[in-house]
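Each of the two complexes below includes subunit A, the first together with subunit B, the second together with subunit C.
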Partner chain A sequence: MRRYDLIVIGMGLAGLTAARTAVEMGAKILIVGRGMGSLTLFGNTIDLLGEITPGTDMEAGVMSWTATHPDHPYARTGWAGIAEALVAFREFFPPPYTFAPVGGGNSLVPTGAGTVRPTYLLPVTMTAGVGISSEDTLIVSFRGFKDFQGDTVSLHLRCRGVNLSLPRYGLEGVTALAFARLMDEEPFRESLGEAIRRQLAGERRIGLPAVLGLRNPAGVMATLEAVTGAKVFEIPMLPPSIPGARIFRRLREELIAKGATFLMGNPVIGATLKNGRCEGITVQNPPLKTVYSADCYVLATGRFLGGGLWADMERVSEPLFHIPVSQPATRGEWFRERFFQPEAHPIHRAGIVTDAALRPVDEGGKVVLENLWAAGSILAHHQAIEEKSREGIDIATGFLAAKRALAP
Partner chain B sequence: MTTQNDTRTPPRTFPDVCVRCATCMAACPVSRVTPHFPGPKQAGPGAQRFRSAAESSVDDWIELCTSCRLCDTVCPAGVPISELNLMAKAKYLDERGITFRDWLLVRGDLFGEMAARFSSYVNPLMKNPTVRWLLDKLLQIDRRRDLPCYEYPTFRQWFGARPAADNGNPKIAYFYGCFTNTNETDVGKAAVALLEAHGFSVDVPPQRCCGIPRLGVGDLRGAKEMGGRNLASLLPTVREGTDIVFSSTSCGLMLRHEYGPLLNLPGAEELARHLFDICEYLLHLREEGKTDVTFRPNPMKAAYFASCHLKSLNIGLPALELLRLVPGLDVRLVEAECCGLGGLYGFKKEKFAIAEEIGKDLAEAVARMAPEIVLSDCEGCRMQIRQLTKRTVLHPIQLLRDALL
Partner chain C sequence: MHLQTEVLIIGGGATGAGIARDLALRGIPSLLVEKGDFTSGASGRNQGLLHSGARYAVNDPEAARECITENRILRRIAPHCIEASDGLFVSLPEDGPEYRANFIRACGAAGIDTLPLSPNEALSMEPKLNPLIIGAVQVPDGAIDPFTLVVENARDAESRGARFFLHTEVIALILDGVRIAGARVKDRITGEEFSISASWVINAAGAWVNQILGLAGLKIGIALSKGSMLITNTRLSERVINRCRPPASGDIIVPNDTVSILGTTSLREEDLEHYEVTPEEVSFLVDELSRMIPAVRGERFTRAYAGVRPLVQSAETCDDRTISRGFTLIDHESCDGLAGLVTITGGKLMTYRLMAERTADLICKKMGLHVPCLTHVQRLPGAGLSHALKDRLIRLRRHTPAARGEILCDCELVPREVVDAILREAKVRELQDILHRTRLAKGTCQGGFCVYRLLGVLNEMRKAEGLGGSNRILKAFLEERWKGIRPVLWGISLKEEELIESIYKGLFNLTPEEPGPPEGDES
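Entry: the complex of A and B
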């Protein structure tokens, strides 16, 4: 049986961040995910805390937030922890494809629903989308590309929109991945840029669906900008998220290059616990069950969609280690009266409560398993969707969990 | 104490497990290059909701799935997408009847031995433009596809002619697979040399084609038959306490994970527990401190490509880890998904262009790395990379064998 320093369970941004942090520290690690994780579902931009007014200082904003939300994951990491983790993330994406805030803090980016939403770090391919106006922006969509409805986007953003045909595809339906792949080809994007240029009527910015290539998105943007003479930006849209896939691929490449064992596609079906410690986890690839062991474990399995939390008719549980889940006292309190309300439904705050080092604790505050840390959206007392804090929580807690787990 | 994951696993054919998250659409190599295949989400669970055993198939694009299984590896909901596709493909082909070409191609194991015997005549014929034109027109085997050469003697004949090495070393059995036997015998020789260098006495039990080509054309009955025969000849080996290693990740995936869960063959799980990828096995030995084999320096730039079926085996990248033990070898993973060959898929005239287009991304990734050599555990990937890059392409164990002291 093989022995690792650290096993990370979960392949979303939190798990991948924990794994990367650990290999940077020289640890021998294994990362296991039942699937590809959530980066192709979200992962377009790096949200930190959408509540903070755009243009205001993030540090002050997060500090005052944690003062009134003492149970929030950010209260565990502190601003220093967030800042350190974000620096590590940003350094991982050197020029030309970088992540950075526009202005000092949050900024508003257009979305595939035609809304604008606050976010913190933007890939360089999205920055020109901040602060668009009706007169200066053209929204371009494509016939046969169903994931991006340009009419809706341009209508709601009050910009002019055009719907173009793709040079090489008919109406049969091109997928986001196929589109992004075509964009990686220089001649294709040049001819596409030329087709867009002919549609310009004085606009100085061009909004496109977020498919500007997988391999060299900054290069794709540069070509389009050179051909059109306008600023080009990507608009996040329906899954699969191509910007998320870029983050996933980059992290996977790095982990494998640094010697991590990367297991994707099978669930962890059980854990062996002894004397208050986890001794091993069992991965099932039918008909085989394989046990992997490590000195410590990071649980980053997400919430209900990722399988990190499990709900039956009455209770929410953590299905793998059976560690306590903070949740509303009764089923009747799971949801608010109306589905669409500004406040999150209480069930969305359910999750794992931890100590300051991110080790899961029980109702009495006692550490449940000595060598288990938790990271990402499985943590309790956040409302990642409403707060717009998903990636920030993933990165900050994934980073901290690995640091604490491997601390001497 | 052992905790069991409470997350229930619904029946494997139940399409509603799919939440339409589209993660598989970020992985499918076929829908990445052609709009004619709607992708795993729609072809698998999406269309499954409309399929009925009583009605005839209407989804003719189902044939375009290469069975690479990448969709299965990325699905966060555990939907057996490729299996849904496979079942639909089997039904579709059952209704239409198998073509002579497919009937012939999946029997490569039968004519392979014969072709190897007469390889000095067969190989030039396979390169003859008139023959290729005829194969293209009559059998729809694309004439642009390089056909693999046959080698004589076969691996099995070579092995049988060696003096029996009864040196009291622990025994290990080797499943070589058809392609090693008749087309790439050096892979088999490398496996034997490497295993012997690690202190084993190698045995090659009787074996047939694993059956994965038959699965690829939807012939479940044929695949089951091959599986039954292999189990009958391999189970006695594992029952006497001998582990079996394979060097082809596709044969290995078939033997280890399809005989049981998909084909319900008795004894499949017992075989699976004693069956290992050769690099996985050697790496285990090393981690358990049971070997002190070291390699001599080989300062060279190598590109390693992980096959789709290796990803489905889900054992990490043991070959890459072993290659890193060769001093001076600068080996890096090729950042590309799927070579596109899809086994017999890429030989078929109507699918050649798709296979080539998928492979283009891999070929470009290799060109950017500019390696002196390309390595892959899968014979299909090796064939495709050879054709697309014109570079030397080997199985990792061939390079490891050459680096033995």
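Entry: the complex of A and C
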């Protein structure tokens, strides 16, 4: 049995951020996760807090917002914690594939439904999509690539759209991942760029589904821009998310290179608890069950989708450590009558309540396990979907949880 | 616009469509108006059970005999709408052997074939049954697809000259002295109003029967009873599983294609336009039906839905289940002195054809015609075509991947060409019309992915704007979907829900704000 300084449970953006933060601090860590987390489903840009008016100062906006949301995870990290974590995240993506705000604060990026959504940090492959106008933009989609419906996008954004056939036989029904891998091939993207160039009628920007390669997206963009002579941008679309997969791949490579133990696809099936501490976790790797131990643990298993929370017909529970979950009193109160509401359905605000250091606490505010910290969407009292705060919460709390767990 | 017909039929459920076909086969012209799509009422919101009649054998022998007769007729005329899976009536220890013996006797008297089975025999046929059962009886139950059945009736009638106006609501009855001479109607999508004059008007509006009669100052005694059902993600049994006890709530599991439908409850309902499945009903159905098949408790449910049955009121009854499921045919000329109007209501899906026959008989009699009914012998036009999963897969296999084209719905394997064909052929007025005519949005994700793709197709064909603009349609669809899934959101369904909310509210940023003017007018 190996002993670690820190074990991170969960491989979404929160868990990966916690693991990387710990590795940077020189800790010996293990990260274990059942799958790749919601990062690879919806992680396109880095949302922080969508309701802050585009172009206005984020710091002032977030600080005045947390003053009225004292239970929110951002109230635990504070603006300083958010800012420090975001700096570390951005430094991790040096040119050419960088993440940056457009125009200082939030900006509005087009989506696969032809709507726009507010977000904070954009990968360089999406920046040209901010502030498009009807005349200067061409939306390009592909026959048979069904998860990006170009006519929906172009009609709503009132741009011109074209529906191209893919330049190689047999690509009907291609998946986003396969498409992105093809884009990584220089000859493929050159011929694609040529096909797009022939469609241009004076437009200076080209919107494409977010599949511009996994390995070298900035290079794919550069090729397409060189061939077409126009600015190219990616539009977030139905899951899976290729931009999210890029973040995942980059963090995984880094963690493995820095000596972290990376256990993907293995569920954690139990925890050994003793004297108010976690003594070890049991990881299933059929036919083996292995116990791993560390001085401290970060729980970043996500919500229902990630398996961090589980709901039966009566109540919501946290299935690994069985720590208390803040939640509505009965199933009848989980959801509101209409799907679209100004506020999240109450069950989406359920989750783990923590102290200021992100250690889970019980109803009385008492720390449940001395050496356990929680991070990411499993935390209570946020509504990441409506707030547009998913990645911000993941990065800020993942960063803070590792810092606090490893604090001397 | 002014239209003229011999017989005006109000209501596009099984009864209305059945009457249109019956009349057409007798050579009598008709025109049918329906305020929604086909089967918007109880015809489309039931368990899809092809009754053997066994369920009624003990309490209502007449209904049982009607059922088994119609069961045999439907197997002959509509084999493509039926899955002849058979059914079991299983006895749990608390149900006792006495009722079972009674039941077998009563089935025999009604002419329903039974095959008594030992617990071991039943368990070998249906391994998911509760191992504590004390016995089972096999009967000729099955599953029926009400939508296809109704559309087939309508298609056959249309080919013989009947006309159909969907999304068209009756707003007034035209009175000519003491005679109803037609109706004033309104197209619910365009808002256009027009008149239809007819020699005879048949009120087959199902649960809405009194809304129509109210236009003539009349009313009949019916009770509205809400029944709620749950759809599982997988098929739990090969056969219909019934509880062998006096009919009660929560005693049937009907397998249908790849899923099972659990039912049902029975609650008085007043509001026909707004009713829902409550968490209590869901918990009740899961508790009660897990007694017959314990795996129900851990099953993933894809949707809950409810229908409102119109039950003809008999005197001094309160429990709706004691009200006869039999139907009532009212000639308002002899009852109320109002000529030209006939009401047919009550009954059940199983007896739609018989109800249509009796109604058409009455109309013929009043016309002084002697033309026999043909619906019990004349097969429906699509008889021979199968929509079962196996046959869908075989049809799909015949194509190469390229020729098969895009698969819009990965859950139910619906190719794009199916949608293209519907858009070419049918008079599609709204998104739900497309969904009713395909298996889109009927699978595990309940349309979470395929409806986005479908709207892309509509946009490509420039048809979404005519339907209100694609994101407005999308939001309306998600609200409608919500009604079905909200009652069953726990366990794995809740994971799916988080995914869908993350896509539409998060990634696509669709918000509850009232939509502006249709796209194209937005600035």
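Criterion: the second predicted complex is superposed on the first by the 404 of 408 C-alpha atoms of A that agree within 3 Å, B and C clash if a C-alpha of one lies under 4 Å from a C-alpha of the other, contacts with A are read in each partner's own complex, and residues count from 1 in each chain.
Everything below uses one rule, namely that a contact is a pair of C-beta atoms (placed from the backbone, for glycine too) under 8 Å apart; a residue touches a chain by one contact, two chains touch by 3 or more.
What you see is a predicted model, and the numbers here were worked out from it, not measured in a lab.
**Q** After the subunit A overlay, clash or fit between subunit B and subunit C?
**A** fit
**Q** Return first, second, both or neither, reflecting whether A:Met63 touches subunit B, subunit C, both chains, or no partner chain.
**A** The answer is neither, since A:Met63 touches no partner chain.
**Q** So in the superposed three-chain picture, is A:Ala100 touching just subunit B, just subunit C, both, or none of them (first/second/both/neither)?
**A** After superposition on chain A, A:Ala100 lies in contact with neither partner.
**Q** Regarding the shared-chain residue A:Gly173, is it in contact with subunit B (first), subunit C (second), both, or neither?
**A** After superposing on A, A:Gly173 lies in contact with both subunit B and subunit C.
**Q** Touching A:Ala356, do we find subunit B (first), subunit C (second), both, or neither?
**A** In the superposition, A:Ala356 contacts neither subunit B nor subunit C.
**Q** On the chain A superposition, what angle, as a multiple of 10 degrees, is formed at subunit A by the C-alpha centres of subunit B and subunit C?
**A** Between subunit B and subunit C, as viewed from subunit A: 90 degrees.
**Q** Go through the superposed model and pick first if A:Thr111 touches only subunit B, second if only subunit C, both, or neither.
**A** The answer is second: A:Thr111 touches subunit C but not subunit B.
**Q** Quick one: classify A:Val87 as touching subunit B (first), subunit C (second), both or neither.
**A** After superposition on chain A, A:Val87 lies in contact with neither partner.
**Q** According to the stated criteria, A:Ala226 is in contact with first (subunit B), second (subunit C), both, or neither; which is it?
**A** In the superposition, A:Ala226 touches no partner, neither subunit B nor subunit C.
**Q** Of the partners subunit B and subunit C, which touch A:Met313 in the superposed model: first, second, both, neither?
**A** second
**Q** Between subunit B and subunit C, what is the tightest CA to CA spacing in Å in the combined model?
**A** Between subunit B and subunit C, the minimum C-alpha distance equals 6 Å.
**Q** Which subunit A residues are contacted by subunit C in one complex and by subunit B in the other?
**A** Of subunit A, residues 38, 41, 144, 169-170, 172-173, 238-239, 305, 310 contact subunit B in one complex and subunit C in the other.
**Q** Inside the complex, what are the residues of subunit B that reach subunit A?
**A** The touching residues are 1-7, 19, 21-23, 25-28, 31-36, 38-39, 72-78, 256-257, 260-261, 268-269, 272-273, 284, 287, 311-317, 320-321, 324, 332-333, 335, 361.
**Q** Contact residues on subunit A for subunit C in the complex?
**A** 38, 41-42, 44, 50, 111-118, 144, 146-147, 149-152, 155-156, 158, 163, 169-170, 172-173, 236, 238-239, 303-305, 310-313, 330-332, 334-335, 338-342, 347-348, 384-386, 388, 390
**Q** Which subunit A residues qualify as touching subunit B in the complex?
**A** 2-3, 30, 33-38, 40-41, 144, 169-170, 172-178, 181, 238-242, 245, 249, 253, 256-257, 259, 261-274, 282-283, 285-288, 305-307, 310, 317, 319-322
**Q** Which residues of subunit C touch subunit A once you look at their complex with the stated criterion?
**A** By the definition above, subunit C touches subunit A via 279, 283, 286, 401-402, 405-408, 449, 452-453, 455-457, 459-460, 464-465, 470-471, 474-475, 478-479, 481-482, 486, 489-491, 494-495, 497-499, 501-512, 519-520, 522.
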